[in-house]
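In this document, chain identifiers A, B, C and D correspond to the written order of the chains, with residue numbering beginning at 1 in each.
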Amino acid sequence: MEKNEEFTPRILAFLCNWCSYAGADLAGTSRLKYPASILPIRVMCSSRVDPIFVLRAYLGGIDGVLVAGCHPGDCHYQEGNYYTRRRFAMLKKVFEETGLESDRLLLSWVSASEGQKYAKVATEFTGKIKELGENSTKNKIFL
Amino acid sequence: MSKLKGAIVAAKPSVEKTIIGMLEKSMKKGVFDAVIIPMRAPSGDSFAYVLVKDKSLLKDATPLPPTMFVQGAKAVSSVTRLGKGKIKIAAVMRPCEVRATVELAKLGQANLENMTIISMDCPGVLPSSDFLKYPEKNIKLFNEAAKKLDDKMMRPLCQICDKSSMVSGDLHIGTLGAKKDTFFLISNSTKGDDAANKLGINLKDNIDSWQTKVKTFSDEKKKKRKKAHKELKAKVGGIDNLVETFSHCINCHNCMRVCPVCICRLCYFDSDKVKHSAEDYLERAESKGSIRFLPDTTLFQMGRMMHMSISCVSCGACEDACSMSIPVGQIFSMIADETQALFDYVSGKNLDEPIPLVAYKEEELLEVEDSDD
Amino acid sequence: MKRKIGVYVCECGPNIAEKVDIDKVIEAISSDKDVAVIKKFKLLCSADGKKFLEEEIKKQDLTHLVIAACSPKDHEKTFMEVSEKAGLNPYLFQLANIREQCAWITEDKDEATKKAIRLIRAAIGRVRYHSSLEKKEIDSNPDVLVIGGGIAGIEASLQLARPNRKVYLVEKAPELGGLVTNFEKNFLSMKPLSEIINGKIEEINTNENIKVFTNSEVDEAVGFFGNFEIKVKRTDAEDEPVQFDVGAVVIAIGSTLFDSKKLPEYGYGTLNNVITSLEFEKMNKSGKISLKNGKPPKSVAIIHCVGRKEKGYCSEICCMYSIKFAKYLTDKIPSVKVSNLYSDLCIPGKTNQKLYEQAKGKNVNFIRFSDAEITKSKDQLSVKYKDENGSKTNLIVDMVILAPAVEPAVDASKIAEITGIYQGDEGFFEEEHEKINPISTSTEGIYIVGCAQGPKNISETLVQSEAAAGKILSSLVPGRKIEPEVKTSEISEALCIGCKTCLSICSYGAITFDESKKISVVNEVICRGCGNCVAACPSGAASIKHFKFKQLYQEIREAIK
Amino acid sequence: MTKSLKINKSTEQGVLELLKYLLENKKVKAVFTLKKIEKKGAVAYSLIADVKDLQDAVPFYPLMPVNAGNLLSRFTLKGSPDELVAAVVKPCELRGFVELIKREQGSLENLLIISSTCGGVYPTKFGVDGTVEKNLSKYWDAVKKGEIPDGSRPTCRSCEEFAPYVADITVDMLGKNDLDKQCMMFLNTKKAEEIAKGFKGDFSDKQMDSKKLDKAREKRGIEKKKLFDEIDKKMNGIDGLIEIFGKCISCHGCSKVCPICYCVLCEFESSDSEYGPSNFETELRKRPGLRVPPGTLYFHLGRLTHISISCVACGACDDVCPSDIPVAMVFKKVSESVQKMFDYIPGKNVDEKIPLITFKKDEFKEFEG
């Protein structure tokens, strides 16, 4: 665990506009602290997150990708997040089967009122990624 | 186009090592920020072009690999198609790859402004399918054959290549006619002159011995080429032979996809324009008793000839990639020689020369007109 | 044309300034590609701030605008308006949130500064690929179609017609009124219902804003908010369907009752004097509560929760009307004994409990039961059941009233098909969101009220009808154009291969299929811009304005740099 | 109730008899099947309208020059035939076709699908050099015994889906020890029964003997495990993947011949997937170098996310790869577990929705963090 002591992971967070992004805002307005290295990208619905995005980021050397949306049943667009979940499940399976580190991908439901949860998820995920260390694809040549 | 200038360079311990040394030096001096050069793939049984930024990688580079998996022009195009970018790049390729690159530049698929292209006398390449069988052994065999200029095991098209020393890039490494442990560094452009100067190489030596040797060598090959094309024509010429030859085609279109000068994002022959209704197909089947399905493989190949034979550089990438071992590369080289001769155009020879089909002369090709008298 | 991006960093008073080293940010970014100007300002959302921005946009003649400030939730709209005012298309602007998700989440100023720089760079990268988007405006038809002439439909129609809205009210029965016309009195107030209902029906018939179609049903409803084309045809004649346009639709088709015959143990349909609640309401309204033999019952059992287990939900109203029934009975037959057999009592609300307390006691008792079975015993009925402690009990009564579960109306699925509104697992119409939009549906401009949405009592129904009317009156104003979502999805005709993947996953029916061209087409008026179809499309034919691949990818790139 | 049709001729002859009968009596307008294109053994799918051209037809020749799923899609994409056309295809080709139909890329309308319990095929290139022709007798011996023909495609050797799903007629081959004397067909649909009426042969209600199929499945299951273990060893994470795909030359032949890849323009050939100068500069900031053209691993993993849900493991991609990359086995391995996750067998049922266009409200909780 002592490896990468001062390594700050590059983490990408796709946040749906209506729940998770608002939740992340709430974490801030409640002055909760979590690692600043996490970089949010706002999408209208988590279902906009094409697995290809995650793939690109991963092969580009991102250390972790978080996809966050409304809780099932609460999707602002009704069913979007159910599809997100299926696509994510598939992507994870592809990672597992090809021996890639699927632990670098995380799907989480964060509602607009769950500032606490967002801070928690962000902190824990960052911790996990720190354990995993740097994504080695970063310096591969034959991609 | 500037007159060729050259210098004799000591090649110790070997030509390849010397080239790499020069590249390292020029990167150190900031002549180039990066180099596009072939390297052996991690699996060991393949070579690929790598855009090298960290010069320590260069020691593993292979300027003259035994095979051509990706046509170098595709590599250069992929880096510069959308713009020249900030960094100055040197690209090390074989002459036919350089020529394809030049064609791509003419077609707006490559931007050579910040690119210095280095070519070298080419002994040919092994067909990749052969190479894949015993990589290690084949690397040795290739290097020996290269020294002896023995082309028996090379691609059929390499065996009849008369442009294996054609200089259409900026710098060229001439090994033909060079004294032992030396080679000629030949410059073909101000960019080339500039790079040589920065490396402290004085382009004042006499390169006649290289030029004469190249001349005789390519004259031989020309004869061989004419003969081969003649034989080929006899074999595949005429609609029946042609159809027979292409009847093996399984429409994978690998040939088109690996072809350096096939640039369309969506090939016409993959587009909606070639898709018909069941009844259309049935009509054709009924008129002939039966048709191969999909039909039109010959149309596809002929169509490609229309589209790109003017720019074809006879590199043989298509033949290498054909999963049905159709001699498609040889056929295209045969056609290309004819169509290019028509406009006395040599694809990729000169960047400033427009592609014939985008230019015309008032008085030409009268013979193809139907004269009224 | 050369890009000139203006970047403006808001200090937000101390909020950002104290946590982020803004000068460092400016220093880092000022030399970035395409950045024409970068400045800081005390409070950009203030009047001064807006004035400053407006002048800057004009003076610097910016092609794109990036503001680093608070969350888009706070002031994205504000700054878009400023930019529009200054003559710069508001979609050529991107807001970098360096407050909520940067300044406020760490104590480490250096970290916050680093993150701010990345966020702003992401915004700059993104805004480069923004293109102007134009607000769309389309005419709308303010008229309304109300499906169902029960209490829900009647109320909605009146609420709309009173302020002179044209309403088409379609009822498949010969008369308006629906279920409630069978009820003598209302629960709680125990006031006669008929005068209320008749009053409302009377008003409907005299209000010339309302066109009533009885013996009719909706045959077709195509279009979108503000522009639905409706066809109504008669059920009792082969006439050509009547056609008209409306801007909104209210579904008020009510509900029906669970068929008690499905539970033979209750003997409904086989035993005399076992009747449903509705039959009892009718009997009561007719004035004479009597057994088959004409005599008044001396003892009555009301069995609650008939079919609740089968349906899997509580029908909400049964307990209340059962109490009402007890009152009917005791008022009309003073000596009658009434036993309420319930499995769970559900008497919510601020006042309902009162009536229960009153009813309980004299001659009326409430028994918690399970596993009831009704058989004949001489000329009476024996109700065998397990009581709370599981001990078997046998109750002999003259009459049994069953309180069956409330079910979706018979033609619910037909209406669902015509309107494209999704039915939940129980078959009732699904609201868009139980909390955010409880009476709206997945199709903008179509609302669900009353028992069509789920079991409800009359007052709850009326509330929904008024709510729907209110929504329509405020969103669909005569003469006012409607502004559909701008950031909609679009499908490239060249790239679409017509696999219909997008059609199957769109929750709004916003995508249709062009059979002649064999490609999918987005109806931008219906599309809400979630982007689901974009992620689902394998061939990259679908893309979504303002969240295009290249735009988002610039942000991704910043993250992996 | 399935009817069966027995003919006392070799299996291939029997089927040809039936096809001949159908053509002669105008019960079908044409026959889509494999046809010899020269003596060395090269075959191609053909659309045969004239009976006499049936003589070169080799419906069950152990080659798959192209996955016929692609071809039937192209045949029906712009409109189905007006009258019945008989098509003899292999089970995986049929499953590929069905997956394409689910994507609106074709239709079963007016097609009479004839398929068989399949013994597998050889790599296509062996058709050109005569290898297949030489091995034919060996091949049929293996099929008789339900064994795995040596040298057949790895995906065939490890194929457990060798029995067709939506065929109108299923020809009994795998494990049928007298297939050179007797031809047994099972008429699975009304369509098939109707059309076979009047044909001379013994009709009965005999059912396919499933035991021999189970045995064959077992053998292939063992082979599959072996091949999966091998590929698994190679596929160990990013470095393994780079070993495997590092030599990809981006010809994208694998996607071109894939019966599931059906896009007009592959996303990975679109402008969105292109690198601009600044991308390269960014990349080179963290990497010592980058192979060009870039994005081969991105292409293959991306293609996995696109098609693993529907991959029928036909092996066509292996055949066309000029770099001998074991594309097919990678895709088969990954796809099987993706499909298992959704409890989905591609091509089994035309009416079953592709898992990614539907959902259950209560599922995959384990993927939520």
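Just a few scattered comments:
By our rule, contacts are C-beta pairs under 8 Å (C-beta built on N, C-alpha and C of every residue); 3 or more make two chains touch, one makes a residue touch a chain.
All figures in this text were calculated on a predicted structure; none of them were measured in a lab.
The pair with more inter-chain C-beta contacts, choosing from A-B and A-D, is A-D. For the pair chain B and chain C, the distance between C-alpha centroids works out to 65 Å.
Note on chain placement: the centre of chain A and the centre of chain B lie 45 Å apart, centres being C-alpha means. Spacing of chain B relative to chain D, judged by their CA centroids, is 36 angstrom.
Each of the following residues of chain B touches two or more other chains: 39, 41-42, 48, 50, 57.
The set of chain A residues that touch two or more partner chains comprises 51, 56, 60-61, 79, 83, 87, 141-142. Multi-chain contact residues of chain C, defined as those touching 2 or more other chains: 505, 536, 549, 553, 557. Every pair of chains meeting the contact definition is listed here: A-B, A-C, A-D, B-D, C-D.
For chain C in complex with chain D, the touching residues are 494-501, 504-505, 518, 536, 538-541, 549-550, 553, 557, 561. Residues of chain C that touch chain A in their complex: 71-73, 97, 99-108, 111-112, 114-115, 118-119, 122, 432-433, 436, 442, 487, 505, 507, 528-532, 534-536, 544, 547, 549, 552-553, 555-560. Those residues of chain D whose C-beta lies close enough to touch chain A in the complex are 232, 235-242, 246, 267, 283, 286-291, 294-298, 301-302, 304-305, 308-309, 330, 333-334, 337-338, 341-342, 355-356, 359-361, 363-364, 367-369.
On the side of chain A, the complex with chain B involves touching residues 141-142. Across the complex, chain D meets chain C through its residues 103-105, 262-267, 270, 272, 279, 282, 285, 306, 353-354, 356-358.
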